[in-house]
Structures are given as structure tokens and as C-alpha cells.
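In this document, chain identifiers A, B, C and D correspond to the written order of the chains, with residue numbering beginning at 1 in each.
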Amino acid sequence: MERLTLLRRALSGAIIALGVVGFASAAFSAAKGDPIKIGVIIGLTGPNAVAGNDGLAAMQLAVDEVNAAGGVMGRPLELIVEDNEGRPKAGVEAANKLADVDQVPVVIGGYSSAIALPVGLVLNKKKVVWVTDATTNKLKTVGPYLFNTAGIAEQAVALVDFAKADSGAKTLSGLFQNNPIGQDRAAVSEKRAKEVGVEWNHSMLYQVGAKDFRAELTKLLAAKPDAILTDIYDNDAQIIQRQLYEMGVTEMSMFYSYNLSAFATLPPKFTVGMKGLSYATSGARAASFNEKFREKFGRIYTDAWAPPFYDAVWIVATAMNLANSLDSTEIRNAMWPAAYRYNGVSGLGDKGFNRWGMQHADQNAQASFKDGKIQPYFVAGSANNILIFRYEDANGVPTADGIPLAEAPSEEELKALYSGN
Amino acid sequence: MNIVQVLVNSLITSAELGLIAIGLSMTFSILRFANFAHVESAVLGAYLVYLFNVTLGWNFALSILVSTLILGTVGLALHRFIFRRFANSGDITPMIASLGLAITIRHGIQAIWGPQHVVYDYEVLPGNKIFGAFITDPQIWILITAVSAMVGFHCLLQYTRIGTAMRATAANVDLAQACSIDTQKVILLVWFIGTGFAALGGILIGWDTQVDPYLGFNLVIPIFCVVLIGGVGSVYGAIIGSLIVGFAQNFGLAFNYAPLINLFGLLDLGDRFDLPAAYKPAITYMAVVLILLIRPTGIIRKEVS
Amino acid sequence: MYNGDSAAPSPGAPEPLLKVRNVSKAFGGLRALRNVSLSAARGKITGLIGPNGSGKSTLFEIIGGFQKADQGRIEFNNVEIDGLPPYKIGHLGLLRTFQLSEGGERMTVLENLLAAVSGQEEHRLVRFMLRFPRVMREEAENLEKAKDVIQLLGLRREANEYAGNLSGGQRKLLDLGRVFMSGATLCLLDEPTAGVNPTLVNTILDALKVMNLERGISMLVVEHNMRVVSEICEHVYVLDAGAVISDGPPEAVQNDEQVLEIYLGQDRTSAE
Amino acid sequence: MEQLIGFGIYLVTVTCIFAMLAMSLDLQVGACGLMNFGQVVFMMVGAYATAIAANAGINPYACIVISMAVAALLGVVMSLTVKNMGGTYWGILSLSMAELIRLVFLNERWLADGANGLSVLITIPYFSLTVVVSTLFVILILRVIWLSPFGRVIRMIREGDRLPLALGKNVLLFKLETMAIGGAIGGLGGSFYALLNSYISPDDGLPIETFIIWAMVVVGGRGNLLGVVAGTVFIQILFVGSRFLTHIVDIDAGVLAPLRFVLIGLLIMGVMMFRPQGLIPERKRVYRI
């Protein structure tokens, strides 16, 4: 029931959004006037450089589209890009610069939670909207100017459920990167596994950027779990898959990934039968995003967060148009309705924010690799390959975390939410 | 746990660390400063092979040879244009200069080739199965190269005139000069061999894993740990250091500590207590702390002449 | 093997300042010192000679506490000092110099002298903070003292020069200057005139005499230059292959057959 | 305009904090010859101490004092491993100790929430002013230490242990005191860092931060407090100033970002090549004869 209404709302939202875009593009062929600047803080060098560059490319794609469709309030949108160098200190410096020198009303970026959190704290203090795709649970506490377009780690339960339903696994192991999101995912996965009666072997937390994962992989395989959950990104994906393959694992159907797109550019034999969750596989808009990305940059993105970044730019542009103002608080208040109506390329397109400005639900497509391509995957006996994670209580009623808001919460409500701070 | 596999993994890890550590240890003892750019020349070498092998389509072995020689020459150029002027500036100034150089090389590579990894034109295959353990051809090559390097450096240092000159220069530059050893020539040679060999190490690691701009950045601290555990200036020290780190990393994760801890009756941990994989980097650092506290100048003590 | 020890306390003589008894030391298979016994008399200059590698420097290292003897006892001023860390020995008033003057290169001559002032107290940070006025007063006194020493050593022009920029002889002088400043009662001088040009040798000798006669500082001097030895030393020990082979007044030792043998490089295969 | 001043105040504050860390390192390296490659651990531990104490509801000023005490204690513990270890050997040892501590903060979620780090939700009035005044105070204290008999002895230790030992100086104790003061100043900087960012995570203590602090000290001129401050300002200008390249050159941001670092690396190298002793080298103290 609930799922159907959700889908319906997403679809109607998509039609509205497309209508708006179509109308706008008819009205102005392209935006004119002084550009409206928004900031970007993302890792272009350092440990997250691959994800950062993919995310930036997706944002540039979105900016081009927004501008072609008439821009924001009739003016073109422009990104001021700052590198966070993979260091929190550099991220905070960039945040201060964007807020004080460039005086942008909105900053998009993130990826690494250890940087997204302090940046969010700075920007909240300065009342600048911070739209991030970092996913640690702690983001909720930062403040009313923080929005998240990629769900949070709680949603990792979806993969545990998928792996259990698909393989009937009795024991599970996990291979996660050792950073905020990896640790959160490991904790959530372990908790969920125990809830659904699956034995949890251990969580391997690997060091991002290392070149030698054989010790971890040998140990992982030695425990002989029925299925292995992985959370691998960037340049680590190739090495880990290659070292698995070299250790004789030529069939990967026991691996379930939180982020299948990390493996999209690898040789097909490294990913035979691998399953997992994927963002942008559903809907015409998502397909066209993939197409456009490939066209513009000559490659496919290898990072799950490229689509949410694309969405973030569109949501911000829509919010600015709705607010019809460059005042950051008004833009913030327009973020909820903008996201509520916007049809995204990540998830099923439903990008609504809950009271905390976090994604109210996470919709993933179950997918698997076939001939090196990500294909929809259907668990036996199910006609649907879409997994939706929502925050519900024991009776299946959505909790405050799971309810998307069509309008911004009132000031008092927001004040009460963050009164602990 | 497949103990043979752990053993093989340990050997490969040791060989990969040792390949670069041997050259670093040698250059460290003669140039007398911590050269942080040493490992970046390994990455540069690996990217040059990518350029020749993949972009230009050359033969793989030829690419390796040319790239190693080019990097050796780059080493000479670095000495001539940058590090020569630090001869009388102590060890801290050239160290920070090499840090600046490392930043430049690393990000220069990223600006040219982008942050995404690249791989050579080589078909990855499942490893050969030996006693139940998998080992691939590149890994065998790495082992062979590491052992040949070990033997080669030993012979170079022990049985050739230039090797004697190198040992003398490493022990005491002034004394070596007094014995009419052309220390400038020795230093040039060390730059050539050291940088060239680093490149070879980088290429082989890149062949076994992948090449990305941060290959060196992620290796530099473990390799310095290896060199100092073994003792600066000793090829054998570098070998022992890399064996210690390689075996500790692999066996440290594979080992079940429960019987050991329960044996002392301290805790009851059940029948299994593994070191969490998140602490794998800590194994190297623990080794450094323990070994240097016991032997403050590394395992192989530098002979006093 | 020579076993006599003429410096053994005889009833009437004053107690020697430094007593080394049966000290032995081996490095692996090499026996650097074998049962060495010697003593340095209070207020006198005692010489220690011997060919290169005879164990003189090792003996100094051991007396100074930088290395541990395998066996034997060392007494300084009636305090047993073997096994004490070097700084405690230095603090007791036994000060050594090094064969190749080392340390303090990037400090000026004056700073070197000021740093040598003994009495840990004013150098310690907490005391410095707590007793600031007193320390400042002492600092001024020490500076005056250092200026006197500089005058005495003829280093006035180099007073504000980095010690690392001094010539070898001047650094030897600086070593002596540190001894003056430290208020040591005994100093072990390791080749105070080695590699020093002849004019400076005289300056050094004068300084040594002033130290000994005016300040009453006792000395144990390792020296190769026999002219220097016979000019300043009252008693000389001869060390060869890690053992004391002879001792006595310089003239007597100089004429000792065994010593001649060593120094004139005669065939001495039969010695062992 | 008001916001530009705000950015200026932020830059001054963060520069002051790093100047403290750099001066603390300079006391260890420039004065005492202790090659501490783990300097950032003082900052990290200081910041964590503030965060943990603040979350326990302790008065902000008390938090700062606690941070200094904890970091000073850590300095003492680190100094106990020095013994007679050679410069680079102890450098790698101190780096290892720093990394071990960081790994504990990273992996133990019960201790300080693991990789997620801790938020610091306290502030002190006139924060930036406090930081600036503290920095001036630190400069004053270090200046006095440099000129004191204590400073003279540790500068003698910089050249080697043997001479000060022979002169009766308890070298280990001097090193211990140096590390304790260095730790306390580093802890103060770390505490301010946590208050500035309102947040601390293990990523703030990565070894790269240590090397940047080292660059500040050496580029500025080790052994000279003015030089170290100049070095901090220089490196800070390199890192922040180069951000304004985006407004000047029109290159794709993905290419400009690494090029920015190429520039930073070249400038660090250039200063070292043409001013090996740093921008403002150590000065000789001249007495009137």
C-alpha cells in the first residue's frame, strides 16, 4: 500500500518536474545575466579524489542542464569549486572562504563524513545551506542548514535483507572501508543480521588506499561465510576484486555490494555474478543521466554518489527558484518542497527530506553484474527488484525519520529539534 | 585458515616492501637524509611504463627497461639540479625539500593522468596453485626480482670496487675522501641505481595491483618503517625489516590470540580472538616501537669503522 | 705482565683523587683493557701515554661513565663512580674532554662556556621559573667569569663566533674553557694538543698550568707529545695493548726499555 | 565587508593555532634536536581531551587546562623512548606512536565514537582574541626559554648527547622537560583547534598534518620563533591563497586542484633551495665583551 502511494507520488513528481523544465526551457532558451554562484567542497586530491572528481562531473552536468533550462531566476548557475584535499582542516578553510569571501548561499559537497561534519558545523553557524551526500548517522545532529541527498547508514539493513532473502545465508561477513560510513555500515549490518537471525562472522575494516588486501581477503574467505557484504569505493575496488580473482574466486555471486557502480569500469571477469544495490538504474531520467555522463566525460562514473550529487544541484536550483531569493534561510525553507516535488536520478527519484533534512527513505535497485554490465536482479519469487528502506515502528507506521515533508518545518520546530546543540 | 596461503601472502608483501626499501636504505645511508620523494619516483616509473606499454603500445619488458633507465637519469637530474646544493645544509633541509618534491610529483601525475587507477596491458589470471595456495605470475616475478636484487646488491657491495667505495662513503664521507675515493661519483651512482631501482619496484607493484597517483603516498610510511626497523644503510637490514613487516601483517591477522590470552588466565575470550582487521596498519607501528626500543639503531647495526 | 702500582696509597701520601682498580673491558673477542689500575693524585697532573689502540680512550669512556667496565672499580673523591650515568659523574666534578672536540657547534664560544657552568639547578626549567631573580644574578656573575676565561685563553676575538667555525686548536682551548667554567676538581683531557699548531700549543700549556696551579684542578692527560708530557706531568702511566706496562715520573718512564720498545717500533713479538 | 573581516579573523585564528603547533615542534627540533615526526598527535590528543571533557560538562577553561596536561603527559611518555636513539630513528618511532594513538581513536567506537569523531559544543567568549593572546603568550614563554640557561643546555643537546653528559647535564631529563613543554603547547593548540572547528576526528591527526607543520618550521627557519611564525603564515598563505587561483585561471577544477598542489610543492622546494636555513634563519646571540 504505502509503497504504491510512494511510487505514485514519485511518478507524479516526475511529471511535474519535467513539466516545469519543459515550460522553463520553452520560456527562455538559456539563462542570461550575472551568474548565481553556489559553492562546492569536495575531495579532488587526496584519498577521495576519484569519488570527488566523479561527483564534480555529475554536478557540472546538472549545472549545464539547469542553465540550458533557463537557470535560476533567469540567471545562469555557476559552481565555485574548492578542494577539501581529504583533510578536515582544508575542508573547513574552504567552507569559511566560500561563506565569507564568495558569500554563496548554498554549498554542495561532502563524501567523507569526517570532513562533511565539521564543514556542516561551520556552514550552519554561518547560516549557509550545506547539501551533502555523506551518510554517517551523526549528520542529523549538525543543524537546520544541513541536507543530505544520499540516505544514511541505517539504510544498510536493506542489503542484509537482500542477501538473506537471495542466498538464504546462515552466516554473513562484511568487508568495509575503515572510515565513518564504513564503520557505521558495519555496525548497522551486524545489528540487522542478528535481528533477522543470521550469524555475523566479522566485519573486516580495510584501510582506504592500501595496496595489499590479501591478509584481509584470506581471512575473510577462511571463515567460509555464506555471503559477504562489501562496501568498496574508488581505486580500492580494482585491487580487491583482482586479488580475490587471483586467489581463485572467479565467481562472485556470494558478494553483495552496497555500491555496485564502483565496479562498473572493471574487467567483466572480476565481477561475474556479483550482486548488490545500485542507485541509478530505474527510470528514464536515470538512464538518460548515465547516457549524458558517458557522452560528456567519455566514461562511466565509478562512484555511487555521482547521481546524488547531480540531484543535489537540481534540488538546490529548484529550491532557489521556489524561494525566488538568494537568502540562504529562504532557500533552506524551500529545500523541503523542492525535494518533495523533484524527481531524481538516484533512488526511485523520490528525494524528499524528513524533519532533519535527511533522506526519508532509500530506494535501491537490486542488481547484479552480467557481462560486466549492471543488470536488474530479481530475487527468486519476487516480481520486484526495488528495495525501499524506510524508518518504521514495529507496526509498519513511518516514524519521524521516515516521513517526507512537503513544506519546511516551522522555526520553532527546528529550534526544538536542535535544542540539544 | 590456509596457512600456506598466509605464508605466500607474507612473502609477497615482504618482497613488495623490500623492493623499494632496499634502494631507499642504500640511498639513505649515503645521501644522509630521509628522501620522501624516493617512493614518488617509483610511481613515476610505473606511470611511464603505462605510457609506453598502453598508450604507445610498446612491448612490456622493453617499457620496463626504458622506464627504469629514464628514472635513473631523473635521479641524476634531481641530484644535479636540486639536492646537490644541500650538501652542507644538514639533513632536515633536504628532507623538507624532498617533501615538496614528493607533493609536486604526486599531483603532477594526477594532473596528467587523472586520479583514476590505470592498469597495464596484461591479462589477469587466477594464480598458480602451489600446495593449496595461489600465486600469480607477476607475484613470482616480484619474488624473483626481490631475491635477485638482494643477491645483486650484496655482490655489488661486497665484490666490486665501486661497492667498496659505496660502503666506505656510507660509513664516513670524509674518511672515504681521504682514501681518494671519488665520493661525488659514488653519490651520482647511488642516485642512479637508487632511483632506477625504486622505479622498478613501483612498476612491479603496479603490475601486481594497479597504478594510481597515491600509490607512493600510501607506501611511504610503511617503507620508512621497514628501512629503520632493519637499520639504515644495510641491504640485509632492509630485507629483514621487510620480512618482519610482511610476516607480521599477514600472520598478525591470521593468528588466533584466544589460547594465548586465556593461557595467562587474564581473560576468558572464548575460543577465538582475532586482531580486528582495522588494526592491521597498527601491526607495522607496533613492530617499529618494539624493535626500536630494544635495538635503537635497527636490527642490523651499522658497523663502526 | 707488569703488576706494580707505585701509586698505591702509601701511608704518608695524600689520598689520590681518582682510583682505578683492576678495570677490564672486552669488545667481543678484543680485550681492550686488562686489569688496569691507576690513580690520579690530588692537585697534580698525571699523564697517560701509549700507542694508538692501546685502550686510552676506552679507559676515558669508562671513567666518564659512557661505557661500562666488565669488571673493576673506580673511585673518585672517595665516591664509587663505576656504574653511575655520565651526567652524575660530571656533576661530581669529574669532567672529560673528547679527542675530537664534539658538541656545541651551533653555539657561540661564550654560550658554550655559560652552558658548562656546573650545578644543574639553574639550568633546570622549573627552578629557573621559580627563582628567576637569583638565576639572573648568577647569570651575570657567570658571564663575568666567562669573560675572564676568554681573556685567559686568548679567545676574545672569537667570543661571539660559533664554536663550529673555530680552528681545531681553538676548539681544544674551548674544551679547557669549559673545564674552567664547570668548577670541576678533576679533568680527563684527551690529547689536548693533538693537531694543534705549535704557537697554540704553548697557549694551551699555559692554560693547563694556570688551571693546575692557580685553580687547583687535578688532571689526567692523554698525550702523544712527549715534550708536553715531560713539561707538565708529575707521574706518567704507560698503556699498551690494554694493560699498564710501566709508570713513574716522566723522565724515568721515558728511559724505560719497554716504553722505548713500543715507541721506537722495535720488534716486540716476544712481548706476549 | 563584515564577512570578509570574519574570514580574516578565522584565518588569523587558524594561523595562530598552527603557529603554536609549529613553535612547539620548533622547541623540540630547532632547540633540542628531537626529530618528532608525530607532532600532530599532541594536537589530536589535546583536541580529543577537550571534546571528551566538554561532553562531560566540564568548564571550557578547565577543558583547555586538561588538554594541556594530557598532551604534556603524552610528551613525557614519548620522551621516555628517546634514550640515545638517532634522529630519524626516533622520528619514525614517534610517528609510529602517534599513528598507534590515532588508530585507537579511529577504531574504538566506545572511546570517542571511532571514525565519526566528536562534536565540541562549547565555546568561550572572545575566542579568537583568546587564541591570539595565547599565541603571544606562548611566543613570550618560548622566547624566555630560548634565552634561559635551560635553552642553552638543550641547544647543546641538539648537537649531540655526549658533551652535555660529560658536563654533568641530565640529558634525558632535559629532553623530558622539552617534550612536556612541547606537548603542553601542542595540547593548547589542539584544544583551540577543537573549539574552532567544534569537532575533532581521527582524520585531523593524519601524518600529512605533521609534515605540513614540519614544512612550516623548516621553511620559516628553525631555531627562530619569528621565523617559525613567518613559516606558518607562508604555508598558510600557500594553502589558502592558492584557493583563489580558481578566480584567476580558467581551468577545469579537476585539473586545477592537483596543479595547485604542484605549485605548493614547488614553492616549498624553492624556498629550501634558495634559503636552506629558512626565511628567517636562527640568529646568533651576541654578548657585549
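The rule is short, and it goes like this: contacts are C-beta pairs under 8 Å (C-beta built on N, C-alpha and C of every residue); 3 or more make two chains touch, one makes a residue touch a chain.
On a predicted model such as this, the values are computed, not experimentally measured, just so you know.
Engineer: Compared with chain C, which chain's mean CA position is the farthest off?
Structural biologist: A
Engineer: I'd like the most central chain, judged by C-alpha centroids against the all-protein C-alpha centroid.
Structural biologist: Centroid comparison flags D as closest.
Engineer: Taking the mean of the CA coordinates per chain, how far is chain A from chain C in Å?
Structural biologist: Chain A and chain C have C-alpha centres separated by 75 Å.
Engineer: Averaging over Cα atoms per chain, report the distance between chain A and chain D in Å.
Structural biologist: Chain A and chain D have C-alpha centres separated by 36 Å.
Engineer: Indicate the whole-number Å distance between the mean C-alpha point of chain B and the mean C-alpha point of chain C.
Structural biologist: 46
Engineer: Round to the nearest whole Å and give the separation of the Cα centres of chain C and chain D.
Structural biologist: Averaging C-alpha atoms per chain gives centres 42 Å apart.
Engineer: Pull out every residue in chain D that's touching 2 or more other chains.
Structural biologist: Counting only residues that touch two or more other chains, chain D contributes 106-107, 254, 258, 260-261.
Engineer: Give the residues of chain A that touch two or more other chains, as numbers and ranges in rising order.
Structural biologist: Those would be 44-45, 53, 178, 205.
Engineer: Would you please write down the residue numbers of chain C that are in contact with two or more other chains?
Structural biologist: Answer for chain C, listing residues that touch two or more other chains: there are none.
Engineer: So that we know how the chains sit together, what is the shape of their touch graph: line, ring, star, complete or other?
Structural biologist: other
Engineer: Hey, which chains are touching each other here?
Structural biologist: A-B, A-D, B-D, C-D
Engineer: In their shared complex, at which residues does chain B touch chain D?
Structural biologist: On the chain B side, the touching residues are 34, 36, 82, 85-86, 89, 91-97, 99-108, 110-111, 114, 213, 221, 224-225, 228, 232, 276, 278-279, 281-282, 284-286, 288-289, 292-293, 296-298.
Engineer: Please give the residue numbers of chain A that touch chain B in the complex, ascending.
Structural biologist: 44-47, 49-50, 52-53, 178, 202, 204-207, 209-212, 214-216, 218-219, 222, 235, 238-239, 242-243, 245-248, 250, 265, 267, 269-270, 302
Engineer: If we count contacts the way the header does, which residues on chain D are in touch with chain C in the complex?
Structural biologist: Chain D residues touching chain C: 145, 148-150, 152-153, 155-156, 158-160, 162-171, 173-174, 177, 181, 282, 284-287, 289.
Engineer: Can you list the residues on chain B that touch chain A in the complex?
Structural biologist: 1-2, 5-6, 9, 12-13, 16, 107, 110, 114-117, 119, 124-127, 129, 134, 136, 139, 205, 209-210, 212-215, 217-219, 249-250, 252-254, 274, 276-278, 280-281
Engineer: Contact residues on chain C for chain D in the complex?
Structural biologist: Where chain C meets chain D, its residues are 64-66, 85-92, 95-98, 102-108, 110-112, 114-118, 120, 122-125, 128, 135, 139, 143, 147, 150, 156, 159-160, 162, 178, 182.
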